[in-house]
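Here chain A shows up in two complexes: once beside chain B, once beside chain C.
Up next is the complex of A and B:
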């Protein structure tokens, strides 16, 4: 049931969770082994190190009481001052947002590939429960969902490389490297600014990693759609429709599909977090810019502000997607009791 | 105490044997799982080239040899026998995942079952805390802890425990909440027995058996996650000589076109582990447990 009460409750709960993640990361800095200022400055060495540590001490306000510092930390996160990256000497928020959009583009495209395939496979199988196709699709989906993403991505890379596919690696070809857009999705930005050549190039570079990434949602979604569709087929109203002699295709489309929207939405919300991590792996194999690349360079330099920013940013996005999924579930499934 | 241990073991054995009788895929999966564990224990002793497996011997003249009777899976870019490397890496991959799965299981059961008997405000705040921990991305948390703790395997294990135990806490909480309404939990509380006693004696033994199996089948995902982290960031190992599945794959990517076997062998091993554990768990849920049947809900 969707009600204003429920929406408000979810909204404040997610706000509370976001606050919680920010506070937890602050506690991590604060109770880390060693000097918090040293950690925040990225464990500097060399003659100028004391200056960096002094700057960090000033920024963190280490002589203030703890609750004041937590309040300042939370205030800074909400006003967009996330500190400066040690490695890149740039504001953390900009860096994280840019890499995150690169990873998000991959995730979104893999969902665009996966959802129709999984819906088709799941429906086909649910209508033929117990047949050979059912078994075959079951094992395929287990292999798809279970195999490590670097294996899938590596094999795809190998096949494309051997077949002479020239659009491997990077987000766009180096000749378009200066191309910048508003949203961070190169495929969308290029359409907005009317650069068809950039669009085609970035899409051809995006598709192989998105295909490799989409094996996971295909595997998981197919199985879940199969189970929940076959549960729906046992319901009274579907049986009634069958007994009235309505065409099988329209029964599936008009009576069964609306019933599984809530399940699929919930699942996509949950899968989102996992896919973001898998996207980092696939990016690594296909040598693309993105969150994984950013984080591994941040680790080498002990770039603490950047890592904190990346963790909090990802956590916030995950909380928001899960809340959205819950709301969609409440809209589509009026029977859910809250 | 002995009696409750007996009850738990009996429950587990009966679940396993019933599934064994009914499911063909379960038999294959459990045999393969035993095989994986055996290989992990015996691996270092049966490896054909133990010194190469540990990364002590490096022979660049024999680099990237294809599979042959001498080297069953070929050699890597440093001229080391891949089979020995994988055998050494297996035990290194399985031990931390056992620790992660069972420590987070115990933590989860302790928190989940205690939460049901605590006062309402504490119960609600605990459930919010669990939801909060679930939102933290495990890979990034591992990276953070690696900076703080010096990039050892411990930092990965801690990060994974922090992100895995909320799932178990949630399952335990759901099950314990159902048990709370039953007479054998209510009556001792009315008699005035302490809540801790009731939890240990009456609640924990009843939810332990299915959750132990859950933890066992989750170990495949934990192995995968650990090797994903080492693959991405190279943390968790002390030197590049050390055998580790994630690092082996990360290094083999450079020779992907020239020597695909260096990439395929370790990743197929990883895939087999992950798939076998998944099939093992799934057969049991489908056969038995109504709570765990909707397992996709708890996958992540």
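Up next is the complex of A and C:
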């Protein structure tokens, strides 16, 4: 079973990593060229501009020693004061949280698309090992997993444009634009509020980028399912079941699938972090809100508080996801705790 | 994470037996994590909710319009916003007056009457208008809004409250009448009709934001969290400055009775789309109705496909500034030689593809003080002569120009200039940077002139109809006292220029016409010293499908840059 010792070890390791990320991003941005007070002050004009710059210097504590500034930064960070975006004049935490939920929804939908497709493809080729279909699926999955996501997204955008899909539902409708819910997942919020029109609209808008993003998990999962099922089929108990004349479908469902669940669950956990980064690229192609769009804008605008916030937030999510994946792995396979 | 990693993970796991309990435990971990994320999100997003929590469900019959704007919105505090927030602010809030530079007349907005009582006193009577919460617009609100704009600038250095420089006192007589007293003779209408820092809003915001005083940061945070309490034709429904702004028609706006536009949009969606190529794609696929920035090379094709290309003159110009503190651009003859090397007559045609006007002096076309007499032509002989005079001809000089990344007209211009300068033995290194970094490079002229570029291009649009706005880019202030003009990217300091500029400025606040001769003298100094030169005046191009959208004359006013007054736009269902 899961030991407290293991949990504590993972917790403190994660905490240390988060702390390190906060300090390193702060230092990197601190040593970037230019006066941070001028950036923070925005675009003050005239003789009074100096007041705004002086106040910015005060707020940023630029006259304090570096270690004090790091301590203040870490303290503010853990008390929820992530600063204000220079460009948008909004609390960084609000901006990052909002964009993260948009990206998260995209990642979740890409898994919803990918898992059944990969399961079906993986099972089909595992049952037809060495056939033409097996080879064809192999090539497709390698292309899906290996192609850069911006390329896949660009091609998909073009296909949808030429096929006229974009006329169906990609225009921002007033319902969609004015709708706001509690969870930040617009598809779930719309169902909770009984707004089917918003649900359909948001789903149509989500599908193309989710489809582009799902190519990666489809490619990877198909291969892994194929390999693990093939190995399971060689197990003694499966052979026994076949010899007893049990229906093939039942063998796959009852005996083979339970054996690969933990593998698939683990991979999904590991892929989640990676897909979150890939989502940033896909969002830009589809002009969709999300962390990717936010980070690219922060870079262009030298919006350092937002850049620090978004970077640290992403790092935290990755650390937490990996920790959760480790915990799940420890639950399913206690040997990893050793 | 690569494929091989998964295989390794698989290999490590495949030996273990999994029972249902373990699977349930794993699912529980994921569910707990998800619920935590949702709770945290709900908590943090609470503070950004707008003043109007109960949104109306849009009916399918409501007319909506989607306007694609090229930059993120930089803030919506009506007193301190000084940039792209203008496109939202003029729809949610109103000023007392609006100025039409084409017809050269003031239009009454929230004011019904404005009279000059004596040299320093103005009497203003307000019309019957109401804020979005139904409360009436009163003289007390006007008093509050104007003072906040002025003091935010004077006390905190924020915003463009310097437009209220001449304001001394505001006396509220009753709910609808007030007197403005000025420190010196000054035409207050110029400030009342300014593009920035002249918006009127309800003083109830103090109570709503729980701020202690009008200068509290809580107020700014309240505004920028998506709240508003103005009296404009549209109220703010959703504000995500990085992505989307949604405005809904304010049915009780006083102006609906007067403008006679039953087809005005009920919902205005401002979508931030930075890439011009994406704007074109979205326009063609019906994602947006009005594009504000499409590649100029696509305009002909769009026109052929039935889209309307709406071209408007603006006061948005592109000014080339020389680093006057770094060799060799610190030499006046050298700067002039570069100016004479500019292929002036090809800029509009090649860099702007015909959509702009050749620059002249510093003031843009149509603005008070503009004169064609400062226009220049390329004269390479004269450029050579000037370089010879300072013994810099064919000396293989390397120069650096910083331009804004993504501004295709600046990129084309820089290449044209590079080509022209190469004939004079000058090698121009073109450095395109994101705008914020361009600004940092420009400001560096004060802290480290050697690291600042030799040449830099700044684009500028006005705050109000006073020529000083453009000349302020060359004002020196008091660098020895630590008071820098961070927009003077030339590092130019000339006492005579500053004194004359102040005289022209104060005269223009009293009487623009009288001040023009003074501004001409200021321009002469600029011409003589050449620290900066206006390259071109931009024409803004709006592209839309005329079968669905009609933009009336009043919808676009060059003083209120990039703003579309949607109350004057017609949407056909």
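Keep this in mind: the second predicted complex is superposed on the first by the 254 of 338 C-alpha atoms of A that agree within 3 Å, B and C clash if a C-alpha of one lies under 4 Å from a C-alpha of the other, contacts with A are read in each partner's own complex, and residues count from 1 in each chain.
Throughout what follows, contacts are C-beta pairs under 8 Å (C-beta built on N, C-alpha and C of every residue); 3 or more make two chains touch, one makes a residue touch a chain.
No experiment lies behind these values; they were computed from the predicted model shown.
In the superposed pair of complexes, A:62 makes contact with neither chain B nor chain C. Of the two partner chains placed by the overlay, neither chain B nor chain C lies in contact with A:140. Contacts of A:191 after superposition: neither chain B nor chain C is touched.
Applying the stated contact rule after C-alpha superposition, one finds that A:223 touches each of chain B and chain C.
Applying the stated contact rule after C-alpha superposition, one finds that A:119 touches neither chain B nor chain C.
Here chain B and chain C are compared by how many residues of chain A each touches, and C touches more. In the superposition on chain A, A:39 makes contact with both chain B and chain C.
Applying the stated contact rule after C-alpha superposition, one finds that A:150 touches chain B and leaves chain C untouched.
When the two complexes are overlaid on their common chain A, residue A:203 makes contact with neither chain B nor chain C.
In the superposed model, A:178 lies in contact with chain C only, and not with chain B.
Counting contacts by the rule stated earlier, residues 33, 39, 43, 145, 161, 220, 223-224, 266-267, 270-271, 273-274, 299, 302 of chain A appear in both its interface with chain B and its interface with chain C. The touching residues of chain A, when paired with chain C in their complex, are 2, 33-35, 38-39, 41-55, 84, 87-91, 93-95, 97-101, 104, 145, 161, 166-167, 170-175, 177-180, 182-184, 195, 220, 223-224, 227-228, 231, 258-259, 261-263, 265-267, 270-271, 273-274, 287, 289, 293-294, 297, 299-303, 320, 324, 327-329, 331-333, 335-336. For chain A in complex with chain B, the touching residues are 13, 16-17, 20-21, 24, 28, 32-33, 39, 43, 142-143, 145-151, 154-155, 157-158, 161-162, 220, 223-224, 266-267, 270-271, 273-274, 276-277, 280-281, 284-285, 292, 295-296, 298-299, 302, 304, 307-308, 310-311, 314-315, 318-319, 322. If you check the complex, the residues on chain C that touch chain A are 1, 3, 5-7, 9-10, 12-14, 16, 18, 22-23, 25-26, 29-30, 33, 37-38, 40-42, 44-45, 47-49, 55-58, 62, 64, 66, 72-75, 77, 82-83, 153-158, 160, 162, 220-221, 224-225, 237-238, 240-244, 246, 248, 266-267, 269, 271, 273-275, 278, 281-282, 285-288, 405, 434-437, 439-440, 443-444, 447, 472, 477-478, 482-487. Residues 128-129, 131-132, 135-141, 143-144, 146-149, 151, 220, 224, 227-228, 231-235, 249-250, 253, 256-257, 260, 263-264, 267-268, 270-271, 274-275, 278-279, 282, 296-297, 299-300 of chain B touch chain A in their complex.
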